[in-house]
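Before I ask anything, let me first share the structure, which is written out below as structure tokens.
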Amino acid sequence: MKKLINDPKNVVQESVQGFGLAHADLVEVHPDPLFVSRRQPKSNKVGLVSGGGSGHEPLHAGYVGFGMLDAAVPGAVFTSPTPDAIIPATVAADSGAGVLHIVKNYTGDLLNFETAAEMAAAEGIEVRTVLVNDDVAVEDSLYTAGRRGVGGTVLVEKIAGAAAERGDDLDAVTAIAQRVNDNVRTMGVALSACTVPHAGVPSFDLEENEIEIGIGIHGEPGRHRIAMEPADGITARLLEPVLEDLGVGSGEQVLLFVNGMGGTPLSELYIVYRRATELLKERGIEIGRSLVGNYITALEMQGCSISVLRLDQELTELWDAPVHTAALRWGF
Amino acid sequence: MKKLINDPKNVVQESVQGFGLAHADLVEVHPDPLFVSRRQPKSNKVGLVSGGGSGHEPLHAGYVGFGMLDAAVPGAVFTSPTPDAIIPATVAADSGAGVLHIVKNYTGDLLNFETAAEMAAAEGIEVRTVLVNDDVAVEDSLYTAGRRGVGGTVLVEKIAGAAAERGDDLDAVTAIAQRVNDNVRTMGVALSACTVPHAGVPSFDLEENEIEIGIGIHGEPGRHRIAMEPADGITARLLEPVLEDLGVGSGEQVLLFVNGMGGTPLSELYIVYRRATELLKERGIEIGRSLVGNYITALEMQGCSISVLRLDQELTELWDAPVHTAALRWGF
Amino acid sequence: MLDSEWAVAWVKAAAASVAEHKMELIELDRVIGDGDHGENLDRGFQAVLAKLETNFETPGEVFKLLAMTLMSVVGGAAGPLYGTAFLRAATAAGEASALNSDQLATVLAAARDGIVARGKAEPGDKTMVDAWTPAVEAADEAVENGLSPEEVLTAAAAAAEQGATDTEPLQARKGRASYLGERSIGHRDPGAQSTALILRCAASTARDAA
Amino acid sequence: MLDSEWAVAWVKAAAASVAEHKMELIELDRVIGDGDHGENLDRGFQAVLAKLETNFETPGEVFKLLAMTLMSVVGGAAGPLYGTAFLRAATAAGEASALNSDQLATVLAAARDGIVARGKAEPGDKTMVDAWTPAVEAADEAVENGLSPEEVLTAAAAAAEQGATDTEPLQARKGRASYLGERSIGHRDPGAQSTALILRCAASTARDAA
């Protein structure tokens, strides 16, 4: 596996530095410990901080800016960041109204953000946490670490960001973020694995004719492996459990999000999107908003995920609210 | 090579249909012959039409909308579209002020657009053509079909689109498009080949330790093959011939465009961007504007291209002008 | 007799041959181009087949249908080039209900000239011109020797096949393969190869119709 | 004597061992996790090495440095877990300038309890707890049998190694491997394996220091 990198050790530093140079109008990059903060922080606005392992770009640094995150903390590739980086990011994001940590539900992220939140609280910052756990591929039971946070994270960050921007207080922003999480479900598929730079070998092995259903965003193997099949069939396999689990039905409005895993052409995502619109139509579900593209990735993995968010009027308005980040921009 | 597709024969139709469904506010998809037109055409504005083989998404349909293209004509994968599709697209784009064809310099695109232009002219539409040929990897001589149109195409479409939107006439828009083309150079690299759906095998064979310098966007082999090397070295190999050929020097302002070929993670593009900023700084060249992402791709090819556009005040203003398309959006 | 029935038989045979050799043409194009030549041409000829129901009076009418369909369905470089070739061929064939040897040679030359006018390639540039040019020359010679139309086509087809083979050592100077420079040497040009296939079918159906 | 010098020697040996087995840990984690355990732990221990210059009075001080550094450099699940473990160990070790067998057993139990408090895993969940728990039990037993500190550590290390091996048939119920469900069966848990490596170094350096 060839990569456009230098020393694998410096991948995250160099990439985030490049990101900072390309988007100097939006963000500031703090090199050590590494985090990214919004260039023009507002005062007295609830601060939004997210973070996690790198390799999911544009998540999270690509979502720092007006109407979304105030700071992002990139860990090593697929490795959650450490408290010593999360704490200053939390401090930078705080403008007096408290800080919301948006944490994807992985043991590592959870533990590191938990520690950081305790320590930030000790410094007098009010911190709340929302755990994103939208991945229906994982059974949420005593026998697992719980559902993973995947595609829904982007939607939580956008919508909670809009709530913070309009002046909601910490309780309200937390409640909105939680409401998005409660109303979004996701399922993914991998056609190929990805290769973590320092590992140098693919994170799992797939035969030429196999695909992995229920994949996460870290190259973890998924729920089960099946023989390759046409995009229309795969779309149904992803969408149906999402709709079942969400319990969304005829007459309801949703946001349909087809996300690329990094190595899949945009054209293929639109083929999936097309079939998904047909399946939703058959069930009488209306697509109020949509998003198609590479928004939460797993390096160069080939595949996609489908997320469905149940919309109400407030969530729709917050989705439509202006946003100006490197990776999501409208109203500017 | 696994792909999220159904029948290879329907890849372009289904994908463009999905695109139309996801961006129904911006575009209208005409299924047969296949082309995409802007939802709200202005009257008495110069119409911009581009097109070419599919597989380069978001190019071109992703650039249909306010401040950019009025119509896009997607051919089969890597195959230029035919006059019978280009003609109605030209008719749709015409609002009385004439139409500019933005054509990437490939024999097939050239011949098909040429035929279409003749026939549209016969129907009373004034048509001009700008050939984009920014690829310094190809020697522009009697012994080749001339330089290919690659990354610079995106910049020509954006800037000429802004000129048309502000009300420039056909001569003026053509001149601006030509000026962008004259001032932009590009060079690309492939780390892996791509696979055309109906071919089913990679377009060329690269060893695990080889990369192809001077690649185009159709899976054609490039200028030469070298052993894999770090991103910083590759960046210099791409950027230096671009700067030489453009003859850009100390004190000048440029737009730096690092483009992904479709299968390369965004994070790696920022690593390349970072090194490119250093190299430009060493030469005293100032980066006035920049663009980093997958804007003109070759299916799932891994690799990138670097484009440099010499800026002047007018080009900068036109670059900054509002644009609202599926793939490029600001000021809205 | 090279009448409209022959022309229809030829187009059908050519469509079958292109379909049969589709992967071979794709492979040739993959190596020095972008791997779509076989797919595109096959799509074009299948579209022609679907339109062959009409009753034709002259071979020229068949050539015209072929030209218009290839032009609007094939795309790429080959679409307009073959389109122009068969449009010029149709014009050269005029109202003739059947082509004699002389007319046949004129038709072939017109087709070749159309390709050259459109694509501006010269012999030796490693394009389909390198199959068409020897074909036209062989046809002219056969006419001078007083051969029958089917013999003229047989000579032309053989020369086109040789011409296609002879593109192998050439360095491409036109079309997509020219980007490869010296690396195009040693590979056969896909457009020259498809030209040879198409002319071979013209000859075999002419012999059947004789 | 399990004094601060031993603690330093142990950390150095553990760093070397983690570096040596880095690819093995990566591979274990690749199969049922995300392939970063070896890299992360190695980065952490290298960072500790770089900070070992200071003069330490007690083993507790070394444990604390280890804890804080792993916590802030390793990341992932293992970072906070090992961080908490060694922080609790430091607290348990207190001001003692050297650990006797009793104190050693208390330190090991405190470390294990820290991991459990933080990660909420139970024995049998296929985590590092499955190496720490038998280690603590073996240490307690060795203390009861009146063994020396280095013998206590040797027993603990052997039990941890057995515990790591015994994770193989288990189905993971905590951490990333739990997503695999039954497919996690048949593979050793990387965190249990790294625990075994680290305790093995504690024992061997204790024997050297004895």
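To keep things simple, chains are lettered A, B, C and D as they appear, and every chain counts its residues starting from 1.
The criterion applied here is as follows: a contact is a pair of C-beta atoms (placed from the backbone, for glycine too) under 8 Å apart; a residue touches a chain by one contact, two chains touch by 3 or more.
Just so you know, these numbers come straight off a predicted model, no measurement behind them.
When the partners of subunit A are compared with those of subunit C, the chains appearing in both lists are B. With each centre defined as the average position of its C-alpha atoms, the distance from subunit C to subunit D rounds to 75 Å. Distance between subunit B and subunit C, defined via averaged C-alpha coordinates, is recorded as 32 Å. The mean-CA centres of subunit B and subunit D are about 55 angstrom from one another, to the nearest whole unit. With touch defined as above, subunit A holds no residue shared between interfaces to two or more other chains.
Chain pairs that touch one another, listed by label: A-B, A-D, B-C.
Every residue of subunit B that touches subunit C in the complex is listed here, in rising order: 33, 53, 75-84, 106-108, 111-112, 114-115, 137-139, 142-145, 148, 196, 198-199, 201, 203-204, 216, 218-221.
The residues of subunit D lying in touch with subunit A in their complex are 26, 30, 33-36, 39-40, 43, 71-81, 83, 118-119, 171, 173-176, 178-181, 183.
Within the complex formed with subunit A, the subunit B residues making contact are 2-7, 11-12, 14-19, 21-22, 54-55, 57-58, 62, 191-192, 208-209, 211, 228, 230-232, 234, 262-275, 277, 290, 292, 294, 297, 299-300, 302-304, 329-332.
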